[in-house]
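Take a look at these structures.
What follows is chain A paired twice: with chain B in the first complex and chain C in the second.
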Partner chain A sequence: MAQPARSSRIGEPVRRKEDLRLITGAGCFSDDVSLPGQAYAVMVRSPHAHARLRSIDAGKALTVPGVIAVLTGHDLLADGLKPIPHRPFSPHPADIPLANTDGTPMFTAPHHALVIDKVRHVGEALAMVIAETIAAAKDGAEAVEVDYELLPAVANTAAAARPDAPRLFENARSNVCLDAEAGDGKATAAAFACAAHVVRFETWIPRVTGVPMEPRAAVGAYDASIGHYTLHAGTSGAWRTKMDLAIMLGVAEDAVRVVTRDVGGHFGTRGMLYAEFALVVWAARRAGRPVKWTCERHEAFATDYQGRDLVVEAELALDKDGRFLAMRGSNISNAGGHTTNFSPLRKGVEIMSTIYRVPAAHFRARGIVSNTAPTRPYRSSGRPEVIYVMERLIDLAARQCGFDRVELRRRNLVTAAEMPYTNPFGMIYDSGDYPGVMEKALTLGDWAGFPARRAEARARGKCRGIGVANYVDTASGVPRERAEMTVHPDGTVDVIIGTVSTGQGHETSFAQLVTEWLGVPFDKVRILTGDTEFVRFGGGTHSGRGMRLASIVIWGASRKIIEKGKRIAALLLECEPGTVEFRDGLFARPGAGRTVSLFDVARGARDLLDLSQDLRGPLAAIADETVSVAQFPYGCQVAEVEIDPELGTLEIVRYTAVDDVGRAVNPAIIHGQVHGGIAQGVGQALLEQCYYDPDTGQLLSGSFMDYAMPRADNFPFFNTEYVEIPSPTHPLGMRPAGEGGTAPALGVMINAIADALSEFGVRHVEMPATPERIWRAIREARGSAGERRR
Partner chain B sequence: MYDFSYHKPASLDEAASLISGRDDVKLLAGGMSLIPALKLRLATYSDLVDLGAIDALKGIRREGNTLVIGAMTPHAEVVASAEVERAIPALAELAGGIGDPLVRNRGTMGGSIANADPAADYPASVLGLAATVVTNRREIAADQFFLGLFETALKPGEIITAVRFPIPEAAAYCKFPQPASRFALAGVFVAKTAGGVRVAVTGAGPSVFRFKEAEAALAKKFDPAALDGIEVRPDGLNSDIHASAEYRASCVVVLARRAVMKAREAGAR
Partner chain C sequence: MTRVSLTVNGQRVSAEVEGRTLLVQLLREHLRLTGTHVGCDTSQCGCCTVHLNGKGVKSCTVLAASCEGATVTTIEGLAPEGKLHPMQEAFREHHALQCGFCTPGMIMSAVDMVRRKGNELDEHTVREQLEGNICRCTGYHNIVKAIQAGAVAMKRT
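Coming up: the complex of A and B.
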């Protein structure tokens, strides 16, 4: 920021107040927490993807100097630890239900924190060694002898879905846990029957992983005198972790405290309790002292919850003028080695038609398991996958049927006049100017000037391509959030909220809300979060719900404080409460020129002896709201690439994004979210993949040497702008801005690449679009062109 | 990391005596490959002998038509050296593309070539420039030095002290970084010397190797066009999740052509 913010209210690009702490190493991340007398845990992990666990012999390990204990799955069962309480679908009324077409219940199986009888993915923990030092624990872990009976493994999504695939769960009929349908099959078939054009696209959106900069770590403690557990760990919201931990431990909620301080990245990766979190608190009880575990990067690659991994077959039907008539197909989502989460399957299939007018649609939606790490929602859960499919279908349709790609989009985008719009799966989009935002992005990205840039690139031997992609995102997630706000006589305001910042800058943006609504100095607002000792409820950070719900509950609590404050101010100002006005932190008696500040009122609430009972005590308020409607942020991206046709290497030369955020609280944070989101989406499109050997289930991308992260030099300077069309389903008009960077990035990149390679006749390049894939696409297209000439 | 004894001798002789006759002792140069391997418990040694305090192993100097670089010279010094820039700018550029600033300030030339990682950059320059590897016992020509995957002609107890680079008429290095590690997925070093043209390839095979068909063609005419129609056979080349042998073979020819072009441009300046 070259310019300091003019003020610290809503709409100002206020510099993040947490940054000085974080960039000078003064943050407190999970591994920064150490407790007196702590022991260290190291996990014994399976090198095999699929194996029956015959026996574990800890005899030698227990003789290793410094080793205190070796705990196994049987110890865990003996102590009554319950499985991780996964919820395959997050409960939100705006999302459509998915259920087995044949009426049987969806298959789920318990996921224990340590393997009981069978290993289902490489890296799964079989035993935990507790020792005086990490080195001793590692020595102990190496000395644990495990007898495996190896089983055939299946890692590939399409292969795992086949009936003859090696089966992960003996009590299941196959690896397909959920086989559902969405949409209207009959209407879709009828529409396809009279279509002028049908375009088909088959693809796989590969597995990626979140790679937070801060690896996981956890310290568990147990107070035997009162039977109380404490977990220090990075989470997306301590409260839900506490509730899940209480379930696993089989204890009352008040017997568990979870503390989360700074968190170095989430992206969905930290969205669910991890086995190790439960293990350290359990081990602390067993060992009689705190136990700490720190994940190493190679463990993170193998055992962090991963994302995406969707196989899609899709068809789009168009009439002769290019109007979309219907779409149909099949989605298969890979949950990995346990039935952890099928939410991305649903979040995807319910908006297969994305932002376009598609009168009829029908999809089969299958959720499967395979011998890979478990998956869960990852930045914009399910949406980037289907947006990519739709945007590819449109470009393929344009090419196949001779339409202009932009014109085809113009013709089929849902317009503002059609809002609220019910899509063919039953999702109701609230509002927006989809065509207007696309036009703005095309203008900013200078779509019209592209031919000249392509010609110039060609003179340098480069193939230049341009792509466009529109997105709509359904922000739902946990619908309830709570804020507890206290105005202190010392001139500070505390806000307790259940949503932890995992990089989004809540200490700044939430404080801006309070500054706006209560007129108090920005520096005097403290956002308190991440400790269930004082956070009584919280949904956590996910699904674009941080600012979206925080704004609602902070607004609610602010209004209550103002109302209560007016009654106290009336006593101080000697007037009727109904006549008191509140503005910029001051209560005023009209006409009299007398004012008292919010903090004077807080002091009055504490000190006045003649207050009625309901006004006495701290000037505080609680807002606890359940928001049952989803919000629908949307936007458009335009990207340009230059490809070196000899090597297949690619450079992104222009990147434009326009998002409708409804109402911007902190533009700098919004742009930062979009930049990071783009990098994450482009990372998947070009670089990243959790590469499992299809035959053995071995992870071949288990370190930064092989898992290709996007870096600054992979990108140009981004051209990002936003519009503010208030959302009618949010009381303050806001739309989430955290996932829009990612949602269209996959589609826009592959569209730009396919455009760059169109001169060779290349139709498509699968993700990640590596240089070799691009080189092969050119070579094969040239080869087949040669064939045709002969 | 397992426990080990750590030594930091002040002289080459002392270092040599510490490792003499023992195969569980390892020399520690910059530690950019060894330390991660130790931390991951992929390697274990009873003793590490740190060469960092031996001044005789450091420094860059010109001796007539030869550039001598001490084995313990970090990459960053090669990058910043005016002597290197004058004599063999391609070598400075190559060093500037190794790893990141942290690696370049710790990692050393001697450590890199002793490790002989198949995707390391320095081996391409050593072989491409027909350098001589100087040890505490003898001098080894580059053509005899690199034997295979992580395998060199170094004998037990032998310590690299310096590398002697003959100064070429023109040289250039073209590297295709592997997207994750940014080691060379393929890298080609081309040098035109009084004795002929040499083309060394790293990253593509189990060890750095000479692309002799290209050398023969370029000896006739040092021009990218001289490589038209010349191919590398993919047999025996590396194949992994980042690139197949076939693709690497194609990249080698493209990179060789570009390196020739770059060397010619550098020579013309």
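Coming up: the complex of A and C.
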């Protein structure tokens, strides 16, 4: 058998398997799927943020040529469709619990796929028009007459939390669904009482949206002869979508199949079933033919699960030498129009102290609803928000109390000697060299050479600033994953796994693992995902769990294959199983110079007649593991900006990132993940925001002309490096790399901007730090300085 | 309905279209050339970029009925003999794609950029010229590198 090429093993920047189809237009995204005889669905969506639904009149719509049916929430109830089974918290034991301080249960309310009685955000679907063509369905949707009773709306997070705010759910006491505490209030108060310095920071981390470039699309089919539903759609995990669909349809799990092929981005937005996915399969049953729905971008802006939106009030207490003593404050997370998800609230508050030694902390954590699109975890769920707060607090403390920014961080970073370190909320960080990684980033970013660059920029009339931010990320999420590996006599290896690649290149990096461990050619390994016809369990792709958990189950299955293979090889080599050695795809009888390949053994498993029962059949193994510890990737970014003080425009001139990935499987993919993560974080810091009118809840950023996406000319080339300090809580030492680009990017950008504007006395600029905001901050600071002079 | 006849990827084709049918709909739905993607509804994202009579256009902003007699090249037609176009090869070599949804439009735009700006493209030019193509996965880093390399490679072939 040919030796596997060195270049396809763990640690090599292998060219991606998936790319050939994607660069030639041969990929298969959701809207590329069409089924014979399919009809088309278009949603009738509410233009109002908060309204009681009086009536829907489909009479005119049904006369539009080509319209087949108009389905409403009452049809949905009559057919017994259940609400979307949201899980407000992910089920990982490493995360801290959050519960109402007064002991009452957290408020949740059913979220039906079509509005039953009350609209709670702009874009919520009220009815679905089914027609022969998309155009006919659109014409039909325009002809549906809806009678609304308008209600006062609230979109702003802090306003929605007030007791007198317009209430979304009549059966709730207020819009506050969860009011919890984390940390130790008493110890924190005591620490604040003897602090030499207290720094305060209040901010709002605005609402943004994930914007995967592929808009959602779904095709539903129903086989009446066997009562079986099929959904073709881009998901972050087919198995979980199937289970949720079965719950909504009220049918057995095996009556539903979900097929996901190429997925055009995810970033958290595809982490939960969407109403339309259930609607198309239900409509397929009603219509007696497949039904297809394709989301348009304006619908995506109104109805994709959005992210962030956290109001924070925070204080940091320091002693006279700048050692952190305690922090306290309050976080309010906005779930939008339904009680979809409060995971970002928890994921944030539990690492509020981030990577620093903070002996005591106490935070109030509230989850609220408002008349905005529902939210859920978005790339690095909850962490970029709180890391931004902590990194801003440190820079504010440095300026307020006269410390050096870097020295303050050095003094307070948790050291390797303190590991495992329990933070003041009870999270246990596994390991790492936090100070070493920061120093590496400072060196790569040439922190020491900055004063000269600033002086040079000033000579050109530009204000140059530099910022640094550290991060730690809690990788938890669904703790269980499963791999099913089969070695075929024809020289191929199949791995079935329950993750779905949404751009991360699993077909490549997972195949590298198999090549490494089984010594088989890289191009003979097939990674099979995304179809519940063969995927029997899978937690999907989120929380940095793709490679992190796939490596564990692929490792487990590989070892089982080798053990089983040794017993079969012993028969072929005529020796004792205990003496057989396995290396580079070959089983060997020591000393005899005789070998058989893994594929010979697979043929033996199929063909040998004298095998014991447990060895007969395909050479296959299943690994199904539950990993109840979290991993903690961490790292540091250094960014440098140049601002034109007359225009407020900004250019990023240097951007450095260092991440500890534990063990790198494919360096090219890792760097790519960091690049993209940085762009999403910088996008939030400088450009992006979902704008809702605070009084009406009207969405003002419903297209790419209104929602500012990062473009190529917003960035320089990034300087990214990684270190590999194995994680002791992962059997192979890996730490996820998908979210680290985003986690510190908000903080590092605003720190750099505040530094650039420090000469004007500007203390802070809220996100997104647009040219207008920067320009105003300079003008206001100059104005108040002028007043002081007078 | 209007009958429109045009040449797509070297093949003569003809279809009955409504007045409101867009070129991208003609390509995707009538001709099943699904490599050209629709990423938005305001001509911002560039996922639908194709070459119309040799020039890069966003096919979501062109009415199919206006393409009578036109010549259209899509991503499927960029490498007719099964050999990759140098720009496709460069995207693969430089890991310039992750999810791959924006990629066909990026590649078609990049080839058009070379037509307009030549084979020696500096970083600034590439970034400015990519204004009409949005990617959410890559931070553009490897896309810019791939376009620079692909442009040079196109000169050699």
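Here is the rule we use: the second predicted complex is superposed on the first by the 784 of 790 C-alpha atoms of A that agree within 3 Å, B and C clash if a C-alpha of one lies under 4 Å from a C-alpha of the other, contacts with A are read in each partner's own complex, and residues count from 1 in each chain.
Note that in this section contacts are C-beta pairs under 8 Å (C-beta built on N, C-alpha and C of every residue); 3 or more make two chains touch, one makes a residue touch a chain.
Small disclaimer: the values here were computed from a predicted structure and weren't measured.
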Practice prompt. Tell me which partner A:L647 touches in the superposition: chain B (first), chain C (second), both or neither.
Written response: first
Item to complete: Have a look at where A:A455 lands relative to chain B and chain C in the superposition and call it first, second, both or neither.
Response: neither
Discussion item. Once chain A of both complexes is superposed, is A:L687 in touch with chain B (first), chain C (second), both, or neither?
Written reply: first
Fill in: Which superposed partner A:F704 touches (first chain B, second chain C, both, neither)
both
Worksheet item: Which of the two partners, first being chain B and second being chain C, lies in contact with A:E214: first, second, both, or neither?
Response: second
Worksheet item: Just chain B (first), just chain C (second), both, or neither: which does A:A196 touch?
Response: neither
Worksheet item: Counting only touches as set out at the top, which of chain B and chain C does A:H298 meet: first, second, both, neither?
Response: both
Discussion item. Applying the document's definition of touch, where does A:T770 land relative to chain B and chain C: first, second, both, or neither?
Written reply: first
Worksheet entry | Superposed model, chain A: greater residue contact from chain B or chain C | C
Item to complete: Report for A:A785: first if it touches chain B alone, second if chain C alone, otherwise both or neither.
Response: neither
Discussion item. Just to be sure I follow: which residues of chain A are touched by chain B in one complex and then by chain C in the other one?
Written reply: 135, 298, 704-705, 709
Worksheet item: For chain A, which residues count as touching chain C in their complex?
Response: 13, 15-16, 18-20, 22-29, 31-32, 135, 210-215, 262-267, 294, 296-298, 502-505, 668-669, 671-673, 675-680, 703-705, 709-713, 715, 717-718, 741
Item to complete: Sort out for me which residues of chain C touch chain A in the complex.
Response: 18, 20, 28, 33-42, 44-45, 47, 74-76, 78-79, 84, 88, 91-93, 95, 97-104, 107, 123, 126-128, 130-131, 133-145
Worksheet, complete the sentence: As the complex stands, chain B meets chain A at residues 1, 3, 40-41, 176, 179-181, 183, 241-244, 247, 250-251, 254
Worksheet entry | chain A to chain B touching residues, read off their complex | 135, 138, 142, 298, 646-649, 687, 689, 691, 700-701, 704-709, 770-772, 775-776
